[in-house]
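So, here's a batch of structures to check.
Two complexes follow with chain A in common, the first pairing it with chain B and the second with chain C.
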Partner chain A sequence: MKRNDASVFNYLLLIPGVGFIVLFIGSSIFITITQSFGLLSVSGKSQFTFENWRQLFHDKESLDSILFSLKMGLLSSIGTLIFSFPVALFLRKGGAGKRFLASLIKIPLFVPALVAAFLIINLISYHGIINEVLVALGFIKKPLRMLNDKFGWGVVAIQVWKNLPFVLLILSSSLASIRDDTVDAARNLGAGSWAVLFHIYIPLAMPGILVSMILMFIKAFGDFAITSVAGPTYPPSIALRMRNTATLFQEWDKAAVLGVVIILTTIVITWLYARLAEFVTGRH
Partner chain B sequence: MAESKNTPAVLRHVLQARRKRRLAILLTAFFIIVQIIWVGLPIVMTVLWSLVDPNHPWSYPNMFPEKLSWGQWAYVFKYTNIIRALRTSYSIAPLAVVLSFLLSMPTAYVLGRKRLPGKKLFQTLVLLPIIMPGMVVALFLSRVFTAFGLAQSFFGLVLAHTLMGLPYMIRVLTTSFEAIPQDIIDAAENLGANTFVKIKDIFLPMVRPGLLAGMVFAFTTSIEEFNLTFVIGTPTFETIPTILYSFLGYNFIRTNASVVALIMMIPNIVMLFIVENILKSDYLSASLGKL
Partner chain C sequence: MSRLVLRNLTKRFESIAAVDHVSLEVEEGEFVTLLGPSGCGKTTTLRTIAGFYQPDEGEIWFNDRLMNNIPPAKRNTAMCFQSYALFPHMNVWDNIAFGLKMRRIPPAEQKRRVAQVLEMMSLAGMEKRMPGQLSGGQQQRVALARAIVTQPDILLFDEPLSNLDAKLRVQVRVEIREMQKRLGITSIYVTHDQDEALAISDRIVVMNQGHIEQVGDPQTIYLHPSTSFVAGFIGLANILSGRVISRQGRRIQLETSFGNLWADAGDRTMEAGDSVRFSFRPENMTRWHEGAPNRIEGTILHAIFMGDVIDLFVDVKGTRLRAHAESTARYRSGDTAVFSIDEAAFQFLE
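Showing the complex of A and B:
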């Protein structure tokens, strides 16, 4: 018989941890939503209105920052995946020196995001080491502008550097769950390395790939600190625009609209990826 | 030995296996070198920048600083608010760790040992602070905090940091509780152990490694926390990350920023590596890998 411990007492024990989180996160989401409609504003008067939402669609800077953040989210998640998947595959089987390699790779995980941003800034800035080496070797005449560049490559580079080990951990654990028997069977039936990669490793690791991409997207899309330090002067990331609207211009209701946009995008992307995962793994 | 048609099949297999192994080692060596550059170069550059002598600036086109000294370190400790920020950071962190430990023990116990309808949902809810975009939570939690008089207060910051550390603490402890064999608990109950004895003699000793890992994760998370501290604490309270942010922002001072970055980074790396090596089993992947 299946054991079931559903008792009031056990649910009560969940309250300190889960309750604390739900109370704090829930109240902040609740306030974001109500304030975007002009309600429950802590300072100033409260009145229900769609005005803030209407204005969003006429505010070029906000629309630009939404597009910019979407781009950053997408590129960072793809970039991290491209760099980490081959490494995860390589580390799947043990071997001499791989433990050492794994712990080397893990270092950026322990480096705070702001510090990571600064570390990479030192490399890619106008007189950073990459530019100096390229100039010294004669590849380019003038240093390239990689920091605060218009496109945002600097931000993507920082996101990839910082989050590679995090994505690698997720990918490794989903690759580790693939049994060697499956791979051996495919090889016995004549599958080459590419066939094994495309028909075994990638499909079977797909849940891990999708989860890591979702998490990376959410992180890079909602990022404040890295973009504000290394991003282009215009447009700001959506989180940066939201914070400026709130604390510099004191327009909390408009900031709340942007907050809801961030939360909604996060939910929609997660849902889309989840549907994609169902589609790919063939579970409907 | 060269391969020819006369080489016996067994020997050919051995040679092939050896070639494969050699290729694997070469590849490992290649990846290690790439990683040393990828991870090491940014860190070495920062260390160099923090050691640039104030009177001999490191400027283009010099590949290395002309003269190294501790001058920048002395300057940062003397003329910036770093000491106060260190004090703030390192007094919030232990309080947040203790609070998140107290809050997560009962929850992790239930999540790790009990079968409940809706457990999956609760396990996902626990991850909310990690998943939710930090700045949204920070800005509008600060509105809630303002309403309750917690904004710009030390206690408010401790609560905020507890919130960010809880997911790690709960997840790691849940994994530890799951790993306790039911036999031991049954045996103890047969021998007449009451709840108090079970907690003292079984649960606490058996989750201790996980607890250590969870505490270190919560501690380092608190030291690194930026968004909530920046919105809820500034300008009353400065922590190491908010000071670093100010050095990276409109008054970009690379040498000062290098010193602060190292002050923030080194203790965290050391702590996390100690945890990884003492505990052997991979707590990082146990807690994060299976999101």
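Showing the complex of A and C:
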């Protein structure tokens, strides 16, 4: 009897967390999906229809914003990886300044994304610090357009800066789990630094690499704040486009379609990466 | 195959010398064991030979090549690690072929050599398994196969058997020795297990606190330890001190806390009045019989039946000695017993 009481109590512990997820997130996902098919409509007659989905494929701005967000997600995750992997390797091996660097690199964790965006704007805007210095030193004649550039490099730069410590934490723990003996064995068998990198560090850190890339992709793909400050004037990110559709144009059903696109893309990408992880770690 | 020479090798961590002016010559094809307690510098010596550590002083020579500044990848040594250090993301075949790949051996040749060592190590049929799917003994054999397939100049063993159970350990050490003899590869073997060292080595290097205590073949090390550390570390020993009171040719008479003894001094220069440290093994202190030398009477403190012998702790005038008796004898604590110490059993220590 006592045991049962205890297990009932254990389940009660779930109510705040799981209850919240089911009630608010679960139901809003449900509403989003049904609205995209014209049901539970807030702006008109409720009626099941594929019309909203059909229109999506003819709406150039929405398609452009989906492509733009995919591009930002991909480039931000690759960029963050390229910038953080060497640092994670350095931190694994150690050396002078290791502890200082480890704490320095965590600073972006404590800066909110929007604040980070404004900080970096000061650096890379048309009359920002970098442009002024480069012009003053005579490297370039006229300032470069790095902010609100058409391609979105400004967004990628801020995403990378903001998420570097986060990815670094994941990669560092992945690399830390590689035994020194394993690395020594490779060196002993004739592997130079590059061979150790490609045959030992990268394959053994691959689960961490993939996890950090998934998380980075999802963050950058669904980004609202950074693109709205530093992104190009056209196209908007998919989240921005969704906000505009809903609140500016009052077309909630079409916004719901974009919401479902974000959710689906996230699920598909996560699934793809998971398959990829199984493949590269040989556990398929 | 290489001849290995260490000259005044020194490696410091912070300011502590883990290896302190160690000099050693190992002949081509020789099997030499570095033996000592943890922290004696044996593993540091091995890792410096492999190139994982840069020596602070001294020289490492393979034949006539100075190796100090050669990176580990270019030394053509092969190491067997205590943890085996197999690559967890590669199957058995890829683990073994790794060293050949790094040396850019043509694929056909790789295939031939990997197949050959798989056969030799009784691993045929396991090439597709991942390290995690192998038993400890099988992982050990893969590690050995991976080491020898590269035809290294020097094989380095870092306590390779310490993760195996006792029976397998004895079996594998015989296999290692047979394989090494067959291939004739110069080998340096690190262990803290004296039985293993005695069983496997051409020569043993006993190390303590970063320096070499004694180098010799297993019999010399066991029968004629030259320092009290070696006498105490290898096997059981009574380590004592006394004073020479007279000398008659090779024989000397010693005055000790538990009586006067006659000992064979060999050709050591010792004169009346010298203070000496000496040792003898429990198996050289046995039950006295008529005509036996060095009669000692003592009280049995503990008698421990070990199967092949009875291990005795004996109090002789306040000094505790270890003695052995044949396993059929009967002793009880508190008994008085008479022993004899073989004159030739005395080892004089530095």
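In the analysis below, the second predicted complex is superposed on the first by the 265 of 284 C-alpha atoms of A that agree within 3 Å, B and C clash if a C-alpha of one lies under 4 Å from a C-alpha of the other, contacts with A are read in each partner's own complex, and residues count from 1 in each chain.
The rule is short, and it goes like this: contacts are C-beta pairs under 8 Å (C-beta built on N, C-alpha and C of every residue); 3 or more make two chains touch, one makes a residue touch a chain.
The shown structure was predicted, so the numbers you read here are calculated from the model rather than taken from an experiment.
In this overlay on chain A, chain B clashes with chain C. By the document's definition of touching, of the two partners only chain B reaches A:Met242; chain C does not. Contacts of A:Leu204 after superposition on the shared chain: chain C is touched, whereas chain B is not. When the shared chain is aligned, no partner comes close enough to touch A:His58: not chain B, not chain C.
Touch criterion met: A:Ala195 reaches chain C, while chain B stays clear of it.
In the superposition on chain A, A:Ala185 contacts chain C only, with no contact to chain B. Which of chain B and chain C touches more residues of chain A: that partner is B. Judged by the touch definition given at the top, the superposed model places A:Tyr11 against chain B, while chain C stays out of reach. Of the two partner chains placed by the overlay, only chain B lies in contact with A:Lys98; chain C stays clear of it.
Residue overlap on chain A between its contacts with chain B in one complex and with chain C in the other: absent. Listed in rising order, the residues of chain C touching chain A in the complex are 50-52, 71-79, 81-83, 85-89, 91, 98-99, 102-103, 130, 146, 150, 156.
Within the complex formed with chain B, the chain A residues making contact are 2-6, 10-11, 13-18, 20-22, 24-25, 27-29, 31-32, 35, 42-43, 87, 90, 95-98, 100-101, 103-115, 117-123, 127, 129, 132, 135-136, 161, 166, 169-170, 172-173, 211, 215, 218, 221-222, 224-225, 228-229, 239-240, 242-243, 246-247, 252, 255-256, 259, 262-263, 266. On the chain A side of its complex with chain C, the touching residues are 179, 181-182, 184-192, 195, 199-200, 203-204, 281-282.
Across the interface of their complex, chain A is touched by residues 24-25, 27-29, 31-32, 35-36, 38-39, 41-43, 45-46, 49, 59-61, 63, 102-111, 114-117, 122, 125-126, 128-129, 131-137, 139-141, 143-144, 146-147, 159, 162-163, 166-167, 170, 220, 223-224, 226-227, 231, 241, 244-245, 248-249, 254, 257-258, 261, 264-265, 268-269, 272-273, 276, 284-285, 288-291 of chain B.
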